[in-house]
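You will see two complexes here that share chain A, one where it goes with chain B and one where it goes with chain C.
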Partner chain A sequence: MSALLPAAVLLPVITALACLALPRRAQPISGFLGGLASAAVNAAVVVAVTSHGVLEHHMAGWAPPLGIALRADGLAAAFVGLTGAVGFATLVFAASAEATTGRRTGFWPLAMLTWSGLMGIFLAADLFNAYVALEVLGLSAVGMVALGGRGAPRAALRYLIVAVVGSMLLLTAIGLVYAATSTLDMDLAGQRLTAEDGWLPLVLAATGMGLKTALVPMHAWLPPAHAGSPPAVSPLMSALVVKGSFYLILRLWLDVFPRNDAVALVLGVLGAVAVIWGGVLALAQRRLKRIVAYSTISQVGYLFLAFPLLNLPGHQPAMVSAVVAMALAHGLAKAAMFTAAGALMLGTGTDHVDGLVGAARSEGVLTAGMILSAVSLIGLPMSLGFTAKWQYLEVALQTGAWWIVLVLLTGTLLAAGYLLRPLAALIRDSDTHEEVGQAEIGPRPAAQRWVPLALGAMAVGAGLFTTDLTALTSIGWG
Partner chain B sequence: MMQQLLTAVPLILIALSAAPALIIFMLPERANRTRVTINVAAAALKVGLMAAMVPLILRTDVAPELRIPFLPGTDLVLRIDSLSLLFTLLSALLWLVTTVYAIGYLAGRPNQRRFFGFFALCVTATVGIAFAGNLVTFLVFYEMLSLVTYPLVAHYGTSGALAAARVYLFYALGGGLLVLAATAWLTIVAGPVEFSPGGAEAVAALARDHPGVAIAIFGLLVAGFGVKAALFPFHSWLPRAMVAPAPVSALLHAVAVVKAGAFGLIRVIDDLYGVELAAGLGVLTPLLVVACFTVLYGSVRALLQDDIKKRLAYSTVSQVSYIALGLSMLSVVATTGGVVHLVHQGLSKITLFFCAGLVAEVWGIKKISQLDGLGRRMPLTAAAFTAGALSMIGIPPMAGFISKWQLGAGALDAGQPWVIGVLIGSALLNAAYFLPVVVRMWFRPPAEIREGPVENRTRPVLEAPATLLWPAVATACFAIAVGLFAGLPFSPLDVAGHIAERVYR
Partner chain C sequence: MIELSVASLTLWTGALLTGLALVRLLTVEDLIARLIALNLTGGGTLLILVGLAARTEPVDPVPQALALTGIVITVAFTGVGLILVRAVDDDERPSRSADGRAHGHDEEANA
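On to the complex of A and B.
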């Protein structure tokens, strides 16, 4: 059973190598098949953790602290599941047409390396492996950003610097933890680390991961990198890659570092600023992919908003469940948004909002997917976005954190504001509106229509399985 | 077996509106005939099913119920009690007539697929609101209603329509957020609470221990529902939303959006807090004052409008507040009046909106000053409008009279005779803005109208296309019938009385 864990990490790597070895024509099919197999393994991990509890695997039979261990508790399993669903859906989208993967070759191996890096982060039981996986994730993501059109090299370079600086900060933090505890095993380090030795590495790690997750005020690199990427890259970047660095700081927060209220408050306040400021910036955008990218900055704010509440004794399990629901909701909905935006862009040649007027008439399925994903991003019932926000509200109200309540409610209205503009353009009609023409949309392959709808429907439908998600998240700790 | 069948009933009734929506979205735009058939068949089937359930639910006290686990500790609950039955029956009936009307109204116009699809979703949300057994479930459908009404208000796609729709959406979502905050707060302090006639136990305990918190939550809920119910000062989206096509305005005012807010107020006051508890907390008097003010304010604003639809819109602001007014008095008679007005106002107001749409479609008339002599041009329309107007004013034996009589008697019963002054004042104002219209239509020579009549809309025998005319006549007849036969069993008044009695245990 525990052999699933190395399989989850290695199968994407093998696929990436296979893609590299094959000629360009054969890459989509081999990448797709490898993605299918990896998604199946991810699903199996979720099922196994749900039914058997925590999975742990010692590589080559060596137990820590000597050997390398992989571990999947409920928290990890939830993110593994998200990666399987979003990753596979994006690969289906990417296989639909060559134009989705950018002008240069390399999408398939890079996407599978990204997948593998994510698995490494989610399943790592020791700090060094987590660091290595983070580097794999960061570098392959930089490569994917570079696949885009004009402006992509600049955005990629910028993102490369962000990725490297973030990793360096984390590496320094890990070094300090090792110096203080003389172990790299997360559990052991967590038991040995004192508050006195813990605060500096915590600050470093939080800064590094905040940078890589685009926490305000370290967010400026994200819109060009996410919005400028090829259609099949943006969903992976926004839905999954930022989750990798967020997961790592969450994991370190819960397992390694001692409680630190000051850092929690700073992260929470920055998260609150991100929710509002990201929303305001998104309101000012006129290009669909930009709107969606700024929305990511806002939504990442919700994730960091959880830290002050995560610190409160007695509320931690509820809050972890809330933040996982929030991350999953964002991942599913954002992938739906970006695949839909990419398909519209390929169909119309533009992603300016005015160029999309009336597109719903011929692209009803895709529009439905966008509406569903908007429902979840805004946080309207009964989507997963709503149940996540509800759990935040419950904890915030119970602990009297009124400012968080206020941020949650304001963020909802802002999200409705910035998502209404593109959606209204899609469903409105051009023949009564002279100044803009009807969008001329080329016929889209079925995959480009149904992938956004499937992801959007999952984001909304998953709300009904919130209790199951809570049960899964609580496995293995707390 | 019987029990399982009963749990399926709420789901079937919701699916009966949701399925047509999905099918309509999947059909191509040109499939007019199929769309019409599906729409009318589903609406008629629903009316039939609902009507069949009336004796079952009222006489045997069966409440079909469906539970789905949703949030930790909170289920989605769909339950059909007598109040949901009253509201769904109204919505099913008006959905049927409005669908027929909309088919005629939109004939030959673009975007029918989008219109009828979202129209059916709108009704689905209304049914969900009616069936919701707790606040969370209510909220699910309440927000859904906000969302699916947006494309209907924005239907014409002009910049005015888009702006009005945006204003509507943000008022509605803002109201929804207040309800969300209140719901979450209440869940934390009182646990998951469900609606039960006369108020929930947990809320009573909360009010005993922390009256301040209970009052604050009540305030948030009333404000949140007040946005959709167009209570002053949250009413200004409503007149702006008049840019929508006539069938949308009709449904919005009579049963969907505005009534969802009013229905929420009923649930909160009667089934969550309970009237007696709310009165004990002292929250009813402020609501009563706001409701009275809105009644008078809406009437005064209506008096100042020359645009027919605008006048009707402000009249709605005023009339819907009668419901809040009835609810906020501690008397079984007043509660009956408030609840029955939900139905009576709906029937009368939808008639008026149908007529406004008719005159605009057939003669291009949009202003009241152009209505002179309409009785000769469109006698049936003018008659239907007159019936609706007289009912609004409260002339016996029309529907409106019954509600106002109940409200007046309730005011005396509750020991607040000053409310009668408000009722009389409002009736005079209603008369002042409706009677001159009626007089114009019947007793003035026909005005010259350069543009009209609109081509292709007049018929050799009838004054207007049948699909537009008959719904208006039908709802006018309903408005008269529910007044005339208010004393019979299963009349809206009888059902409302039954509901009110259960609230005062």
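On to the complex of A and C.
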């Protein structure tokens, strides 16, 4: 059973190598099959953790502290499941047309390496493995950004610098934790680390991961990297890559570092600023992929907004469940949004909102996917985005954290504002105010229509399974 | 006077180097200079690890192993960075010549 864990990390690597060895025309087939198998392993991990509890695997039979351990608890399993769903859906989208993967070759091996890096982070039981996996994730994500059109190399270089500085801060933090505890095992380090030794590595790790997750004010690299990427890369970047570094700081926060209210408050306040400022910037954008990219900055803010609430005794299980729900909702909805935006861009040649007027007439399925995704991103009732915000609200109200309530409400209004404009453009018949005609859309392959719809339906439909998600995330701790 | 051991000297040199490199990284425009600053940030971080390792007697091999892996990663990201610097150069050269019409809107979006 526990052999599933190394399979989850290694299968994507093997797929990546197989893709590298093949010519570009054969890569989609092998990448798709490898992605299918990896997604099946990911699903199996979720099922196994749900039914049997925590999984732990010692590589080559060596137990920690000497050997390398992989571990999947409920928190890890939730993110493994997200990667399987979004990763596979994006690969289906990418297989639909070569244009989705950019002008240069390399999408398939890089996407599978990204997948593997994510698995390494989610399943790592020791600090150093987590760091190495984070580097694998960062470097392959940089490669994927570089596949884009004009301006992509500069965005990729900027992202490389951000990614490397972030992981160097983490590496220093890991060195300090080791110096204080003489172990790299996360649980052991967590038991031994005192508040006195823990604050400096916590500040370093939080800064590094905040940088990589594009927490305001360290967010400026994100829009060019996410919006300038090829259609099949943007969803992976926004839905998954950003979650890798967020998961790591959440994991360290829960398992390794002693409680620190000051850092929690700073992260929470920055998150609050991100929700508002990201939303305002998204409102100011005129291009669909930019709107979606700035929306990521806003949504990342919600994730960090959880830290002050995570610290409150008695509320931690509820908040972990809430932040996981928020991360999954964002992942599914944002992947839907970016695949839809990519398909529209390939069909019309533009992603300017005014160029998409009336697109819903010929692209009804695709538009439906975008609407479902927006329902969850805004947080309308029944959707996963709603239940996540609701869980935040409950804890915030119980503990009198009124500023968080205010941020949640303002963020919801802003999201409605910046998402309704592109949707309105798609749905209305022709533009009556400006001199723009109806969008001409080249016919889209079925996969480009149905993938956004499937992802959007998941983002909304998963809201019905909140109790199962809460049960899953509570496995293994608390 | 504070007694300065080799370990703490290495540690503080590493911290200073990392700090200086980060400042340079944020302030310099030239891409190659930025990449060198990034490389130095990595080098400084590894010095910190080596300094931490040297604080015990005998020297702790685990942080040294971390530094060794760190060196490999530093080489990898510097290589990727160099390729990207070349790609930036190829990407932006045509736009400075006569033709600026076709792709103008992509550039403006970055502003």
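Operating definition for what follows: the second predicted complex is superposed on the first by the 474 of 478 C-alpha atoms of A that agree within 3 Å, B and C clash if a C-alpha of one lies under 4 Å from a C-alpha of the other, contacts with A are read in each partner's own complex, and residues count from 1 in each chain.
Quick note on the criterion: a residue touches a chain if its C-beta (ideal position, glycine included) is under 8 Å from a C-beta of that chain, and two chains touch if they have at least 3 such contacts.
The shown structure was predicted, so the numbers you read here are calculated from the model rather than taken from an experiment.
A.B. asks: With the two complexes superposed on chain A, say which partner A:Gly120 touches: chain B (first), chain C (second), both, or neither.
C.D. replies: Once the two structures are laid over each other on A, A:Gly120 reaches no partner at all.
A.B. asks: Could you say whether A:Arg428 touches chain B, chain C, both of them, or neither, answering first, second, both or neither?
C.D. replies: first
A.B. asks: I'd like to know which partner A:Thr467 touches here: chain B for first, chain C for second, both or neither.
C.D. replies: first
A.B. asks: For A:Leu380, is the partner it touches chain B (first), chain C (second), both, or none of the two (neither)?
C.D. replies: first
A.B. asks: In the superposed arrangement, does A:Pro235 touch chain B (first), chain C (second), both or neither?
C.D. replies: Neither partner.
A.B. asks: Based on the A-chain superposition described above, do chain B and chain C contact any of the same residues on chain A, and if so which?
C.D. replies: After superposing on chain A, no chain A residue contacts both chain B and chain C.
A.B. asks: If you look only at chain C, which of its residues touch chain A in the complex?
C.D. replies: It comes out as residues 18, 22, 25, 31, 34, 38, 41-42, 45, 48-49, 52, 55, 62-63, 66, 69-70, 73, 76-77, 80-81, 84-85, 87-88, 90-92, 95, 103, 106-107, 109-110.
A.B. asks: List the residues on chain B that touch chain A in their complex, please.
C.D. replies: So the residues of chain B touching chain A come out as 25, 29, 68-72, 76, 110-111, 114, 136, 139-140, 143-144, 147, 150-151, 154, 156-159, 162, 165-166, 169-170, 173-174, 176-177, 180-181, 184-185, 187-188.
A.B. asks: Would you mind writing out the residues of chain A in touch with chain C in their complex?
C.D. replies: 128, 132, 135, 139, 142-143, 146, 149-154, 156-157, 160-161, 164-165, 167-168, 171-172, 174-176, 178-179, 184, 224, 227, 287, 290
A.B. asks: Could you pull out which chain A residues touch chain B in their complex?
C.D. replies: 318, 321, 360-361, 364, 368, 375, 378, 380-382, 387, 390-391, 393-394, 397-398, 405, 409, 412-413, 416-417, 420, 424, 427-433, 463-464, 466-467, 470
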